[in-house]
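Please find the structures below.
First chain A sits with chain B, and in the next complex the same chain sits with chain C.
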Partner chain A sequence: MKVTIKGYTGVAVWKWVANDDTCGICRMPFDSCCNDCKYPGDDCPLVWGQCSHCFHMHCIMKWVNGNQKSNQSCPMCRQAWKIKEK
Partner chain B sequence: MAQRLQKELANFMRDPIPGMSLDRNLVEGNLNVWVINVDGAPNTLYEGEIFKLQFKFPQRYPFDSPSVMFIGNKIPEHPHIYSNGHICLSILTDEWSPALSVQSVCLSIVSMLSSCKAKSRPPDDERYVQTCRDPSDPKKTRWFFHDDSV
Partner chain C sequence: MFSLQKKLKQDAAKGTSQPAKKAVDLRQKLLQKEFETLKQLPVGCSIHFDNPDVLYQFKLNLVPDKDSLWYGGRFEFLINVPEGYNFDPPKVTCLTRVWHPNINEKGEVCLSILRQNAIDSFGWLPTRTIADIIFGINSLFYDLVNFEDPLNTEAATLFQTNKDMFIRKVREYISKYCK
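Here is the complex of A and B:
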């Protein structure tokens, strides 16, 4: 049998590869966006800390930019929060 | 904030902490103030006693901590709980983290009560209750933490 493909529609899915399913700050799934955003993905990216914990970038920035001194630490493990450069 | 509180409410209902139940009437209509009924745990000094624990959530919750205190005429007699209901607990102020939740705060308070060996008030209870900045908001107080043993 000989088949001729006349056309096709490609479909792709994406998901973040993180060590958890939900953001520990806003409790939204990582594959969804933080409470302030409308669209997940590049509009609402994830960041990893050197301690390996991961959050929506917007969530962790709101925490780190608060004015208390404890805010410089990771919400999960309280180690100093430093973004891991990949 | 509202979305996260909705989720916390759902979690609290689905996975309640033994001895703690939400005072439903007070939650309906206003998600920013929760009152939780606390039953003193069996085999502890507080067995048989019933308390009311109030959570008030600020606009910036969970980036700011909730105001948590005991209310009503029955305040647990505990070395870290003032007779006006204010609780001396570091995670409620200096050590707050947005990864904490109503459930984790409740667990801390239950374990604080359950590990108590002798009922007493904090040594500075009388002075604090008269002079604290705002009797209705323990977060206005500047807290110092010096005893991790109870």
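Here is the complex of A and C:
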């Protein structure tokens, strides 16, 4: 019997949630608003990070600001979260 | 024109009302969606709800196959999803006693994706799902066994110094504690 000793690295690669049309945080489609809002659109805008991942602004702010666990990083790719200004 | 900065300030000023109830609803909503779309579990894994209306607490039954050092065993895990899900990770307890470097005798499970405060970069993320956790627990019985950062140091040391003895101990626990 053989056991391969691996670090933790294997864990992160199972799958990337394909989030072309869904917010990876609240898991609502981008044409809907986040769970805190009632109406999509200007009240619940989308933002893109420099890493090119997209979230509802409310969702990503809740994650990076309200959350010491986040290390201020994108929950999809773990790069530092910086809003891409258009 | 829409200004992002202005919007951020407005929202911060507004604050949120009744957050506790909202969190519970949100957890329920997320879990409903996840379980509806949960199609495939690892071979040998099954989940059970003691109360079908309570989605935030369920059991995972794990029966490792021949490739596992724990072949012949059957292990039960309790998974508790906190109110703060999916910002807070679920809590996993192993209900079956097992001789395993990453599970201690109290049933605590060491799995990096369950860590809330990850110093390294593999801790919990809101993009992770219950399926990720089940696959993670399952792989602790295969290639994700981690002997370098163990929770049960004695088990890890034994594996490194006397593998036959380690396997004997695994078997002994299985015949004693697995039904």
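The rule is simple: the second predicted complex is superposed on the first by the 63 of 86 C-alpha atoms of A that agree within 3 Å, B and C clash if a C-alpha of one lies under 4 Å from a C-alpha of the other, contacts with A are read in each partner's own complex, and residues count from 1 in each chain.
Definition applied: a contact is a pair of C-beta atoms (placed from the backbone, for glycine too) under 8 Å apart; a residue touches a chain by one contact, two chains touch by 3 or more.
Note that this is a predicted model, so its numbers are computed, not measured.
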| message | Let me test your reading of the model: by the given contact rule, A:Pro75 touches which partner, first (chain B), second (chain C), both or neither? | response | both
| Touch check for A:Ile25: first (chain B), second (chain C), both, or neither? | both
| Who does A:Asn35 touch here: chain B (first), chain C (second), both, or neither? | both
| field | Greater chain A contact set [chain C / chain B] | value | C
| request: Quick one: classify A:Trp63 as touching chain B (first), chain C (second), both or neither. | output: both
| Common interface residues of chain A with chain B and chain C? | 24-25, 27, 35, 59, 62-63, 68, 73, 75-76, 78
| field | Interfacial residue positions of chain A with respect to chain C in the complex | value | 1, 3-12, 14, 17, 19, 24-25, 27, 35-36, 42, 45, 47, 57-59, 61-63, 67-69, 71, 73, 75-76, 78, 83
| field | Sites on chain B touched by chain A in the complex | value | 1, 3-4, 7-8, 62-64, 94-99
| Given the complex with chain B, which residues does chain A contribute to the contact? | 24-28, 35, 59, 62-63, 66, 68, 70, 73, 75-76, 78
| Residues of chain C touching chain A in the complex | 2, 4, 7-8, 11, 16, 22, 26, 29-30, 33, 69, 86-87, 111-113, 116-118, 120-127, 129, 132, 135-136, 139, 143-149, 159, 167
